[in-house]
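Shown next, in structure tokens, is the structure this report addresses.
The letters A, B, C and D name the chains in turn, as written, and every chain counts its residues from 1.
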Amino acid sequence: MKFLGFIVVGLAGAILLYGTGDFPDWGDPYSPASLHISKDYIEKALDQTKVPNIVTAVLADYRGFDTMFETAVIFTAGLACFLLLRDFREKKERFYRHTPTGVILHVKAGKKILDGGKEFEYMDKDWVPSDLIIKTVCRILIPFIQIYALYVVAHGDFSPGGGFQGGVIFGSSLILLAISYNLKTLVKRISEKMLGVYAALGVLIYLGIGVICMLMGGQFLDYAKLAPLIPFDSNHIRALGMLGIEIGVGIAVTAVMAIIYINIVSEGRHDEGL
Amino acid sequence: MQTIISIKPLLAVLVSLFVIPVLISSSGKPNVRESWIFVSGVIKFLIIFSMLPVILQGNQIVLTLFKISPGADIAFRVDALGMLFALVASSLYIITSIYSIGYMRGLNEHGQTRFVSFFALALTATIGAAFSANLLTLYLFYELLSLSTYPLVVHHQDAKSRASGRRYLTFILGTSIGLVLPAMIYCYHATGTLEFAPGGIFSGQLSKPSATVLLLMFVFGFAKSGIMPFHSWLPAAMVAPTPVSALLHAVAVVKVGVFSIIRVVTGIFGVDFLLSFNLGAWVATIASITIVVSSCIALTQDELKRRLAYSTIGQLSYIVLGVALLTPKGMTGGMLHIAMHAFGKITLFFCAGAIFVATGKKYISQMVGIGKAMPITMAAFFMGSLSIIGLPPTGGFISKWYLVLGTLEGDHMILLFVILTSSLLNAAYFMPIFYKAFFCTKEEAMFGAKIVEAPMMCVVPLVITALISFGLFFLPQPFLDLAGLAAKGFLGG
Amino acid sequence: MDNYPVLIVVAPLLAALLAGFAAWIEERLSYPIALLGLAVSTFAAFEVLMQVIFFGPIRYEMAGWPPPMGIEYRIDLLNAMVLLIVSGIAFLNLLASYESVNQEIGDRTGSFYSIYCLFVTGLLGVTATGDLFNLYVLIEITSLTSYAMVAMGDRDRGALASLNYVFIGVIGASFYLLGVGYLYIQTGSLNMTDVAIILQDYHGSSTVLTAFVLCMVGVWIKMAFFPLHAWLPNAYSYSPVVFLRVVAPLMTKVMIYVMIRLMITVFGFNYIFKTLNFADAVVILATVAIIFGGVMALAQKNLKKMLAYIIISEIGYMVGGVWMGNQLGMTGAILHILNDALMTFAVFLGVGNIIYQLKDVDFSNLGGLFGKMPWTMAGFVLAAFSIIGIPPTCGFFSKWYLIMGAFEKGAYHFAIALIISSLICAVLFFRVFEICFFPSSSQDNKQKDVHAPGKIEEAPVSMLIVSGFVSLSLIVVGLFSGTIVNMIILPFLT
Amino acid sequence: MTDLLALIVAKYNYWLYVILMMIGLYAMIAKNNLIKKLVGMNIFQTAIILFYISIGYKKNATLPIIENVHGTGGGHIYAIDYINPLPHVLMLTAIVVSVATFGVAMALAVRVYQRYKTLEEDELRMRLSEK
């Protein structure tokens, strides 16, 4: 296998390097790639979309169709992790703590599952509580992270950022919660069902905006056709459309980050974790 | 000569296809089912018969169904040769359907609905092949026939039929896909058409070697004709119930093979083309070898049906030989032999089946003295074998007469010798059967004095076919006229 | 409506999302939603095909940006046809799948329908798009969903087969992406037609050559063209039936389409067959693929595995047909996309029905199946005939054109390979028929009368109807293949 | 030799990406541990991202965010002043795709581990052949 690997790798590398022979020099501002459509993007994007961040303009408008599928990829990943790993079967042995008294019950394999209302709390046997300092620091940090995430989503038109980046930051705040407390805390705050719905909702917002454009008589995702629906600022209608889809992307990415984390880390059982 | 567009050929083909769902739905009621078979057989025959006068006047009936690509459509054309063959097959189907009622019920066979359904499908394919206007359509029905016969061959679903089924498919499908298909596509590639034309479709596209290879691919490829060395499926297929052996492996299937060879020789290559390259001799040689060798093998067979099968292989090559002579008389004789052999051989198979139903005997060595037990059957058997040997007063004499005339016409003395030798051999493998059946001492006889004939449904059909064989000696007109017309057409005037 | 082209792709996506919603709220709604989405998509695809046939190719500019700045859908006869095939088969398969999804997936059916629709979206998007990078994104959607669905099949082997599929699939997609990058650096554009126009000046460039090789290798990996096929048999035979029935007919066919699209629209025949000179080598490779697939299929003891190797062999048909570079071969290859999709679908419908009853398709289990499941087997037999290439089923006619193309090119080895492959398929399938026709040996002992009519244990009616419909369509498509060639394929090629 | 050297220096970024890609590809083919293969896959994809991003680079240019929008109006915009935004957009998508693939692959690896309690390929192969 190793030998075969060397041959394949060498061959692939040789082909790729052979191809670079006719490349323009690195950083050449007059290379075809810099001249053909990228020139148009840079020079016209501000006029046409009123968005100064050209990357966002291209991402969310000129190539918005790509980005929609990109979001769909994210959604697919979340769905796939759920489908592959989620395990609805009950664990064989379970432990419950009676909250008022602190007594711990041990339900053995094959016995009936306890349903004692709110007084009983399900607990993981091999879970170790986190350090108090870590908990406290994280509890303070998480809101700021989340606000920053919202900023990144909302300000994607003007500065580096956008739905994906913001969504990832928001998602990482959720993951931080799960790490510093435990997985149960996260799942209690935002249930699996809500995450699933959010993931679909995010993509649906994106797709819905596209479909509305279509219903308004334009092409798919042609934000300019949204103008009659939004009474204000029709000059920036494309920018607003982009903001709308960025929000959708943000929601979807957040939810999917959490879904992937929860499922992989707990092997689909959602009751214990790192 | 007129060309008439009519839907009749299509109807004739489809009748027995459309009856299949009816058969399946009435599988619980055998009497209803069998009357449907009979009715559909009669309708089919009447449709075909109604086209006869038109054809006899030298006209053609055509119908194009699907245009696949230029020159290769799914299309029907009824001409004299196709009519001849269709007439034989459809008339014998009626008789066989009566016979198979007697046979199948007499033996209490399983899966009778499946049996009759595939039988009807096989007949659809046979008539379709007879009426094909081009090689593509012919190939289509040829394959359909191969496939629909497979469940009939392996009807008993035991180890022996499994082995036979395998051999059957290997030879039939192997040759048709492996040889005919590429040859056909090559023809289309070279000429752009597959229509059967009186003078052939080649006009100088082929050199002699490639023409030879192509012709041999076709002749061997249509392995249903039993040309050696691709013949051994036929004896193997005798494990099937006798009605199958009778209609399909003496008439429909094997004759479709021969018929296809005739079509290719006359319609694709053309007589003039073959004469110019002297390719007829190749085919004639192969056919002659098959005739002699198969007759010799038949002598050694003890199982009656297998002996008949080897006899069939030989007789089929008569037809090929007759056509390969490329002379008017020879071709007429060859094509006439399609009909004459059919009536003769089916009688023999019916008799073999009747013996099996009545006594359970399969081997000739067990049939000593059977003539006294089954006089009607054995009399019919006698008549049938006379026809196969080619002795008057039976139809077989006429076709063989024309074949002999054909060899003289073409000045092929060796072939004449082959025909005569093989007639002797035919006599040699049939006559011992009667001798054993009738002329034996009481001690040798294996049967009591009581007459044990098969059920009525079995006996009546074989008497009918025997009588037809006999009658054709005096009244061969419809078949003779058709064969003559066809030969005239192929020879260009 | 002008929006039909995008509706083809958007409808299943929308259905996927709504089914995803429904999975959490009311799981029973997921199935009708998915079904509706695919029905709309099929309808739109049909409309588009009609429009394209009668009024010529359609261009659809996403978000109203003219290409090459925006992404466009460019639908001509070829991809209109493939779109209809994909959406139609996906729809029919879903129609037949209700019971078997319940049986195989159990809980979480809602999410399964969602991911199924996403898979179909990916395939449709790949087919419809006129943008090189958009193609990559949609290939990735298709791949991701297939990874997930493969792993949902066999409890033991599914995940591992899928993981190996991931490694190979990522390499394939990445090669394609690199190829696009090389094209981009040379042309500065991602729109197919735009790239094609610019490329005309760069035929000698080593960058373009590398880009072409990379794209082709990437696509070949994805379609499992010999010798890059190793992932396919395991991935297919361990996946759940529902997915198997749609991935086997469609995935490879769509990738063949991508190959044809890249060759015709982007690089151009002049470049491939005049400037470059390895077309003959590819045809030889295709020949090897055909024989190899057949021989490997002979060695299998499991129906699913056997069919998987037949697929590898069929891929050789199409790749060889395309790379012959003449009109006949091309016609054969394109016709075979349609025919092979249909017949593979039909044959796997049969397999699906059998699995529904027997759970397993090892040859040893199949005895006496004709008696047990007569209707299923009837459909299966027709499909098998088509794969063997027996007229008037459609498989015969594409083989016909392919062999003609081979004769015209003088590629006799390819023609012979096709014939041999037909023979091998005949052996393969009649071996299966024989096993199914004769009572199994274990039954022989138990049952005294082997010929006693067995109890009929058929699959659910919905599965039977779809299977019957598709099998009959094999004959219909076969008989009308002249029309299809004249109306769709020849106008496209000239 | 100097020619080759000059060639490498002028396009060293491409050489680097090819080397990185070869490392990743080799790991995917030759490594025995499935997680190592996944890491190799990630390196491979990162190499491609690197390649694309370096296509977009221009000498003496800045980020593709137009300055002074809210101010004086900025005047005419010259393409030469900003780096090429398109590769960035494409790579944003490619990153997302690679993350998604990695997530699914991890999930699969977890499943494999649950079933076989190992992620070493040779051990897996032994387990499979035992049955």
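Heads up, the rule we're going with is that a contact is a pair of C-beta atoms (placed from the backbone, for glycine too) under 8 Å apart; a residue touches a chain by one contact, two chains touch by 3 or more.
In this text, all values refer to a predicted model and were calculated from it rather than measured experimentally.
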{"item": "Pair sharing more residue contacts (C-beta pairs) when A-C is set against B-C", "value": "A-C"}
{"item": "Chain at maximum distance from chain D, centres defined as averaged CA atoms", "value": "B"}
{"item": "Centre-of-Cα separation between chain B and chain A, whole angstrom", "value": "74"}
{"item": "Distance between the centres, which are taken as Cα means, of chain C and chain A, whole angstrom", "value": "31"}
{"item": "Centre-to-centre distance between chain C and chain B (centres being mean Cα positions), rounded to whole Å", "value": "43"}
{"item": "Mean-CA-position distance for chain D and chain C (Å)", "value": "30"}
{"item": "Interface hub residues of chain D, defined as touching at least two other chains", "value": "25, 55, 86-87, 93, 97, 100-101, 104, 108, 111"}
{"item": "Contacts with 2+ other chains: residues of chain C", "value": "133, 137, 140, 144, 147-148, 151, 159, 178, 184-185, 190"}
{"item": "All chain pairs that touch each other", "value": "A-C, A-D, B-C, C-D"}
{"item": "Residue ranges of chain D touching chain A (in the complex, touch as defined)", "value": "10-15, 18-19, 21-22, 25-26, 29-30, 54-61, 63-67, 69, 77-80, 82, 84-89, 92-93, 96-97, 99-101, 103-104, 106-108, 110-111, 114"}
{"item": "Residue ranges of chain A touching chain C (in the complex, touch as defined)", "value": "15-16, 18-24, 31-38, 40-41, 61-66, 69-70, 72-73, 75-77, 79-80, 82-84, 86, 88, 193, 196-197, 199-201, 203-204, 207, 210-211, 213-214, 218-224"}
{"item": "Sites on chain C touched by chain B in the complex", "value": "385, 388-392, 397, 400, 403-404, 407-408, 415-416, 419, 422-423, 426, 430, 434, 437-439, 450-453, 479-483, 485"}
{"item": "Chain C to chain D touching residues, read off their complex", "value": "133, 136-137, 140, 143-144, 147-148, 151, 155-160, 162-163, 166-167, 170-171, 174, 177-178, 181, 184-185, 190"}
{"item": "For the chain A and chain D complex, residues of the former touching the latter", "value": "1-2, 4-6, 8-10, 12-13, 16-17, 20, 23, 25-29, 33-35, 37-39, 41-43, 45-46, 52-55, 57-59, 63, 66-67, 70, 73-74, 76-77, 80-81, 84-85, 158-160, 164, 260, 263-264, 267-268"}
